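Each of the next two complexes has chain A plus one other chain: chain B in the first, chain C in the second.
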Partner chain A sequence: MSSPEETFLLECGELLTSMEDALLQMESSPADSDSINSIFRAAHTIKGTGGVFGFDDVESFTHVVENVLDKVRDNEIDVDSQLIAILLSCRDHIEILVNKAVAGEDINDDDKDIDTDLRSGLNKYLDVPEAVENNLEVAEEKHTVEFESSGSMVISDNWHISLRFDKDVLQNGMDPLSFMRYLKNLGEIVHVTTLYDDFPKLEDFDPELCYLGFEIDFSSEADKEQIEQVFEFVRDMCVLHILPPRAHIAHYSEVIQSLPEDDMRIGEILIASGVLTKRELDEALNKQEKSFQAENENVTPIGEVLVEEKVVHEEVVNAALNKQNTNKIIKSTEQTVLRVDADKLDSLINLVGELVISGATTNMLVNKSGDEQLIESMSSMSRLVEEIRDNALNLRMVQIGETFNRFKRVVRDVSKELGKDIKLNINGADAELDKTVVEKIGDPLMHLIRNSMDHGIESSADRVASGKDIQGNVWLNAYHDSGSIVIEVADDGRGLNRDKILTKAHEKGLISDGQVLTDHEVYRLIFEAGFSTAETVTNLSGRGVGMDVVRRNIEALRGSVDVDSKENEGTTISIRLPLTLAIIDGFLVRVGDSSYVIPLDMVNECIELEEGEQAEPGMHGYINLRDEVLPYLRLRNYFDEPASTTGLESIVVVKYGTNTAGFVVDELLGELQTVIKPMGKILQNVKGISGATILGSGNVAIILDVPNLIVRATQAETSHVINKASDENVLLH
Partner chain B sequence: MSEIMSAVENVPSLTETNELVAKTDDTGTKYLTFKVGGELFGAEINNISEIIEYSDMTRVPFTPPHIRGVSNLRGNVVPIIDLAIRLGKKPGQPTKRTCIIIVEMEDAGEKMDIGFVVDEVDEVLDIHEDDIEPAPQFGADIDSAYINGMGKLNGKFVILLLLEQVLSISELSQLISDYDLLQS
Partner chain C sequence: MIKVKKKRTGLCEVELDGELTIYEATDLKNELFKKMEKCKGVTINLSNVSEIDTSCFQILILAKRECDEGGIEFTMNSHSPAVLDVIETFNMGSFFGDPIVL
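Entry: the complex of A and B
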C-alpha cells in the first residue's frame, strides 16, 4: 500500500468516526447545526479525496449522501430517526467501500445490493428532477447578468479550463489524470489539447516530472466553485484558470497572457478547440496590448479588476472566505495535537527504560563512593530521570472515553436488533491508561456489553412484569484505584441465576458433587472455558467462548476480571488493569538468595518482625495485625529458596482490590524504578510472576504478580484441604 | 533442428556436472560438539549465535527443573534451559568449563533467544552427509524425536541434536503450564 493511500485510509477512519459521533448526537438533538456540519464535512472530504484517488465507487456513493446532507443542512429535510438510521448504514457502507478501494478489491454482490438499497433510500429524500431545475435556473441567472455587463462576449457555451501542472506534481503523489477523470463527473469534456511545449530534450527528461499542460473545454451545469473544487487537492501545485461560458474576451486575454507558452500559440489552440473565433482572438490580443499601456499609467489592483469585470462568481468569494475560516480552526487544533508514529514513541520509551536502568546502576556506584557532592548531584539527576520517565509514559496515555464512545453505536444497534429499549450510561470517560491496553480492551468490552444486553437485560414485557422501568440501563464506568484502572460493565437486568450456573457447571464437570461454593465463587464459574447458560445461541452471544476469551485477554494484559450480581437487580463485571505495561515503581525484597520486585502500588506497609513475634515457620499462616487477621505467605518456602542466613524476617503487606495479605521475606531492600522486560513466550504463562527486570547490578529480578500469587495460594490451600479431607475419608472406609 | 535438439539434450548433462563439482567441493555441514552428562552431542551451527561463560542466574518460581532460570544478555532477559535435565540425564555441578550456548529460535514468526547449559564445549566440525546415520529407534537413551541423526566421528558416534525440537518454544511453554497445573 502506498503512503498517500494509507493516509487516506487513516483520515477516512477519523472522519467516519466523527461522522458517527455526530449522527448519534443528532439523534438526541436533531437541530444541532454543528453535528450536521461535521457530518457534511466528513462526507464531502471523503468524496473529494476518493475522487482524487480515482475510487469511483466511494466517490459516487458519497456524492449521493452528500446531496442529502446538503438538503438537511438547508433545512429542506427534517431529521428523524429513519434518516439517522439510513445515514448510519451509509457511513458503514462508505467504510466498506473505502477499505476495499484502498486494498484494491472489487466490491462483491452483497455490497452492491446494499449500495442499491441505500441509494434508493437516499433518493427518496432527494426528489431528483427538482434539484436539476434549480441548478439550471441559477446558472441561467448568472449568464444573464454577465450579458448585461458587457457586449464583448465569447460565443462558446463551454467552460474553458486552462491547466498547467507544476513539474513536481507527480512527486507529490498526485496523478493529473485522476483530476480529469473526476472532472468528467460534473459534465462533458468537449475538447482537450495537451501541451507539451515544456518537454525537455530527451537526455534532460526526468520521468518523475510532469511536463504537461492542458487546455480543456468543458460543458457542464456546474458552477465555478464546483469546478474549482475538482482541483482542490492540487490547487498549490498547478496554475489554473477557469473561464465561464461566454466569458468576457478580456479574461481570455488575461489568461493567454499569463500562460508561459507563446501567446499566438495559445490563441491558435483556443481557436482550434472552438472556444474562440479568429475575430475574438484578435480582439483579445488587442486588449492585451492596451492593458499593457494602461498598466504603465495606472495600476489597478487585481482584486478590483476581478470584481469590476465580474469574473469572480460571488460563490467563489464566499467559498474562499469560508475556507479561510476553517483553515484557522484546523490550525488551532493542529497546534495542540501532534500526530506521532507509534514506533517512534515506543523506541523513546524503550530508551527511557534503559536510562532508568543505567541510572539505577550509577546511583548505586555513587552511593558506594561516598562522595557528598557526587551523591547530591546524582540525586537531582535521579529526580529528573524520574520525571522524564513519567512524562514519556504519559505520552502513551490516552483517555478511555474514545473507546467507550464506540459502544454508543453498538448499544443503539443491538438494542434495535433485540427489540429492547436500552440506554448506555458512561462515567469516567476521562480516566487515562496506556494506549496498548486501550487497544486490547475493546474486544473484551464488546463481548461484555453484548452479553449484558442479550442475557442481562430482560425483554420489555419482563421488565414491566417485575416492576422495573421499561428502559434498561447498561453502564460503562472507569475509575482509578490503587495503581490500576477499573472498568465496570454493569446492567440493571435480571442478574445471574445461581442455580442455573451450578447445574450447568455440574453438567460440564467444572465442579464436583458436594462442593460448597459461595455466591461469588459460583458467579466466577461463568469465566470458565466452555461455559454458557444461554438456552439458545443467538448471533450476539451465547456460544460459551465469550467470557472465557474475555478472561484470558484481560489476564494477558496483567489484569483480572471479577463479577458481582444480585438476583433481579443486575450484574456488574469489573475489569482491573495496570495503567501501563512498560515501567513500574517497585519494591525490592530479598527471598533466600534471590531478589524479587513487588509492584509498589500494591504495597501497603512493611512490618519488621521482632524475634519474639516471629511468625510460625511453614509456608503460610496468619498474624494479628492491629486486631485484624492477616494471612501471610512465606515466599522462601513457597519459591523453594534455600534458607536465609539472617534470622529476622519482615512482612510486606500487599493490598489488591479488597484483598489484603502478607508476604514474609528475608530482607527489605527498598524502592526502585523498574523496567518490565518481557520474559518471552516460554515463561509468559507462569502464573504468579508478571515479568522480569534488570537490577543495577546486572542481575535479573523477577516481578511478582500479586493478585495471581494470592489466587494461587488460595487455590493451593483449597485443594490441599480437599485432598486432606478425602484422604481422611479413605482412611475411615 | 537437430542442433537445437542436441542443445536441449546438453542442458541436463551440464547441470549434472555442476552438481558433481559442488558435491566434491562440499565438505559437509558444520556442527558444534559439546559434552552433557559425560556424553558427546552435536548441533548444527546455523542457529547458534554465541557461547557465553556460565554465571549464576535468576531462578524463576513455579517452573520445572529443566528451566534453569533467566539471565541478562545485554539488557535482554533470556531463559536458560538445563540441557541435561531436558534430555533426561542427571544435572551436573557447574565447573570452570561449564558454558551457556545461546541459540536463536523462531516461533510463529517471532524470534527469541534461548540459552542452554552444557558441561563443556568441544569443537566445530564438518560432518559430511554420508557420515550421518539415521537415529536408532531406541538405545540412544533420549527421545528419538530430538535426534537429527548419528554422526560418525573417528569410528565413534555423536548424537546430532535437532535443536528445533529440543528447544521448541511451544513444547517448552506447554511443559511449564503442565508443571504449573500439577503444582497447584
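Entry: the complex of A and C
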C-alpha cells in the first residue's frame, strides 16, 4: 500500500470486482440503471487513473470500453447476453493490462490479439466503421498527449494554501495567527513557510501593518469550500490560493506567477516544504516561459489569455472538486473498513492467548486465597478477558459471502462452456469464519462446484427427459452448527450412481468382493485418491485428482467433508469446518492423574454414573441413554492412565456432526478458556489429540480430537458387535 | 507592555513582558529600536510575555533582520509559552536560530 501504483492496483481490483458484480446483475435485469452506472464509473475511473500513471495500454483500451458503456447508458445500445459476454472479457483484459502495467511488464502478443479482438467486437456497437474509430482514437490520443504535457499532476497529497494578507488586515482587527490556529481544527498543518520578503526598510516599517505571507501545506479531509470558509472573514483582505492535493503543475505555475515574490524564491519554498519536486518546479517554470513566448509571438491580447486561463482554472477546479468528491466516497468506505496487516492481528491474538492463560493462573490463585473481594473483582476481570478474547478473534472473522460471490462468475462461464443452463443459489453468505479458513476454502469449493456442474447437472435434454426443470441449480449454503461452520455445495442433478462407484472401487481395489457397504459408505468412496466416475474426462473435471485433494485440504483445516446423494434428485457435499483455529472454550476433565480438554461446543451433556450402574470395564462399550444406544470410549484405557482412585466415573456425551458418543472420565472439572498450542513434531500424528494447552496451575492438558475419538468409539461399536455377537451377552444396561 | 533595558559593555539586554498586541506595536517598535541603537549585541528576554500577536511578532522579525544586516548579534531567550506558540505556528524557529527550551 506504500506506493501510489500499489494503491492504484488495489483500487482497480475493487473496481473490477464491482464491475463484474454489476455485469452479472445486468445479465439478470438488463434495464437496471444502477448496474450500468456502476460499470461505467468503474471503467471511467480506471481509465482516468490509468492515464494519470501513464499506463497508455490501460487508458486507450478502457477508453473504447467506456465509449460503448456510454452508449449503453444513453440507451443507444440494447443490452444482450452477447454484449455482456464481451464486457466480461473486457473486464478480464483490463485486469491483465492493469497488472502488467503496474508490474512494468510489456503486453505480449497473445494479449495484443485479445486486445484487437475485443476492440473490433466493441466497435461493432459503436456504429462507426473501424477506420473512422481509429482516426477518432488518434485524435483523442493527440488531445490527451497535449493535455498531459501541460497537465501532469503533482505527487504531493497535501493541500497547498498560498496566503498573502493585505497590509491593513491588522488594523481591521484580524490576526493571521488566529486563522492559522483555526486551520488546525480542520486538519494538520504539515509545513508553513512564513514570508517576510515584503518587509520595508526600518524607517518605512509601520508596526500596524501586516507584511507577512504564508505558504502552507495542509493535510486534511476537508473540501476546498471548508478550507475557504476558514478565511471567510478576511476574504476581502487577502490573496488566497488553495491548491488541492495532486493539483496540476500548470496550476502551481499560475500561482507562482501571480505571487508578488520572485518566481524562483517561491519555487524554492515549495521544494523546501515538499510540495513540489525539483522536476515538477522546472516543468512549471518552463511552461510559464513557453506561455510567455507564445504570448509574444502570437500577440495574444492579455485579456484573452486571462480568460483562457480562467477557463482552464475553472476546469481544474471542477476536476479537483470531482476528485475531492470521489476521495470523500473512498474515505468514507475506508473509515468503515480498515486495512490491517495480518501479522499485527496474529500477534494481538497471540497476546490475547497469553492473557487468557495467565488469567487462568491468577484465577486459580485468587480462588485459593479465599479473599472474597479479590474473587469478585477477579471474576469481573475474567469476564472482560473473555470479551477481549471473543472480540480479538472476531477481528479475524470475515463473511464468507465474498468468497461465494466469486463463484457467480465461475458458474456463469462454466455453464456457457458446458452448454447447460445452471443457476447458482447462495444462502447464508453472512456466516462468518476465520480469515485463514476462508482463504483456504476457495480452491476446494471451486473443485466441488465444477464437479457439480460437470457431473452432477445433466444436459438440458436429459433434464427434460427426466421431467426436471430445464434450468439446473447449484446451491452454496453456509450455516453454523455446534461450533463449526457447515458449507454445502448441492445440486439437483442426477445424483451419484452407486453401481458405477462400486464397479470403479472394485477396479481400483479399494474394496474387496464380499464387502457390504451402506449407500453412505459407497458415496464416501469418491473421496478416495484416484477416483473418478466420469466416463469422459473433460477439461473441467474427471481426472480423479479432485475429490481426494478436496478432502485433504479440508482435513488440514481440522474440518471434515461428507457427501449425501439421491439418485436423480441431486448430491449434497457438506464441509464442516471449525470456526477458529486459535482459542476455544473447553471443558476440562480428569482421567487418572491427567487433565484433558474437550471443546465445549461439542459437549452435549454430562452424566454421572451411580455406583450401581457403572459402565462395564474395558475400553469400549454402550450405555442406554434415554433408550438410545450410546457407544462410549473409556479414556483411561485409551490413553493408558492409571486406575481411578475414587472408583466413580462420569460420561461426557459429545456430538460432532450427526455422530454422538460418550467419553468415560474420572472427574468433571468444568469449563475453561483454552489457547490451543500446536503439538510438537513427535506428537503431531498421534490420533485422538488435536493440541495441548497450559492450565492455570502450569500443568499441560491435552485437547481431545473429538471427531477422531468419536469415530473410534463408533468403530469399536461395530467390532464389538461382531466380537460379542456369538455370546448372547446383554449389550445394553 | 513594559520594557526593561540594561546596558553594559555595549550589550543590550531587553526584557519584554505582558501583552504585546497591535496596541503596543508602535511603542514597541520605537522603544526597541531606540534602545538597540549603537549596541554591539541584543538579547531579548521573553519569559514574561503573556500574549503576542502578529504585529509585535513582525517587529521581532524586523529587529532580527536589522541586526543581521548590521552585523549585530541578536538572540532571544527564555521564550514564554505564548511566544513559542507563535514561533511554532509561523515555523520561524530556524529563522531566529535561538535555542528553545521546550
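Just so it is clear, the second predicted complex is superposed on the first by the 492 of 733 C-alpha atoms of A that agree within 3 Å, B and C clash if a C-alpha of one lies under 4 Å from a C-alpha of the other, contacts with A are read in each partner's own complex, and residues count from 1 in each chain.
We adopt the following convention: contacts are C-beta pairs under 8 Å (C-beta built on N, C-alpha and C of every residue); 3 or more make two chains touch, one makes a residue touch a chain.
A quick note: this is a predicted structure, and the numbers were derived from the prediction, not measured.
Colleague: Spot which of chain B and chain C makes contact with more residues of chain A, would you?
Modeller: After superposition, B is the partner touching more of chain A.
Colleague: Considering only touches as defined above, state whether A:177 meets chain B (first), chain C (second), both or neither.
Modeller: The second partner, chain C, only.
Colleague: State whether A:211 touches chain B only (first), chain C only (second), both chains, or neither.
Modeller: second
Colleague: Touching A:677, do we find chain B (first), chain C (second), both, or neither?
Modeller: First partner only, chain B.
Colleague: Using the touch definition from the top, say if A:202 reaches chain B (first), chain C (second), both or neither.
Modeller: So A:202 only meets chain C here.
Colleague: Identify the partner contact of A:103: answer first if only chain B is touched, second if only chain C is, both if each is, neither if none is.
Modeller: Neither: A:103 stays clear of chain B and chain C.
Colleague: Look at A:688 in the shared chain and tell me whether it touches chain B only, chain C only, both, or neither; answer first, second, both or neither.
Modeller: Touch partner of A:688: chain B, not chain C.
Colleague: Looking at the overlay, what does A:193 touch: chain B (first), chain C (second), both, or neither?
Modeller: So A:193 only meets chain C here.
Colleague: Does any part of chain A touch chain B in one structure and chain C in the other, and if so which residues?
Modeller: none
Colleague: Using the touch definition up top, name the residues of chain A that touch chain C in the complex.
Modeller: The contact residues of chain A facing chain C are 170-171, 175-177, 180-181, 191-194, 196, 199, 202, 205, 207-208, 210-212, 214.
Colleague: Mind pulling up the chain C residues that touch chain A in the complex?
Modeller: Answer in residue numbers: 22, 25-26, 28-29, 33, 53-59, 61-62, 65-66, 86, 89-92, 95.
Colleague: Touching chain A in the complex: which residues of chain B?
Modeller: 57-63, 67, 69-72, 75-79, 107, 110, 112, 114, 169, 172-173, 176-177, 180, 183-184
Colleague: Show which residues of chain A lie in contact with chain B when the two form their complex.
Modeller: Residue list for chain A touching chain B: 354, 357, 594, 638-641, 677-689, 692, 694, 698-702, 712, 715-716, 719.
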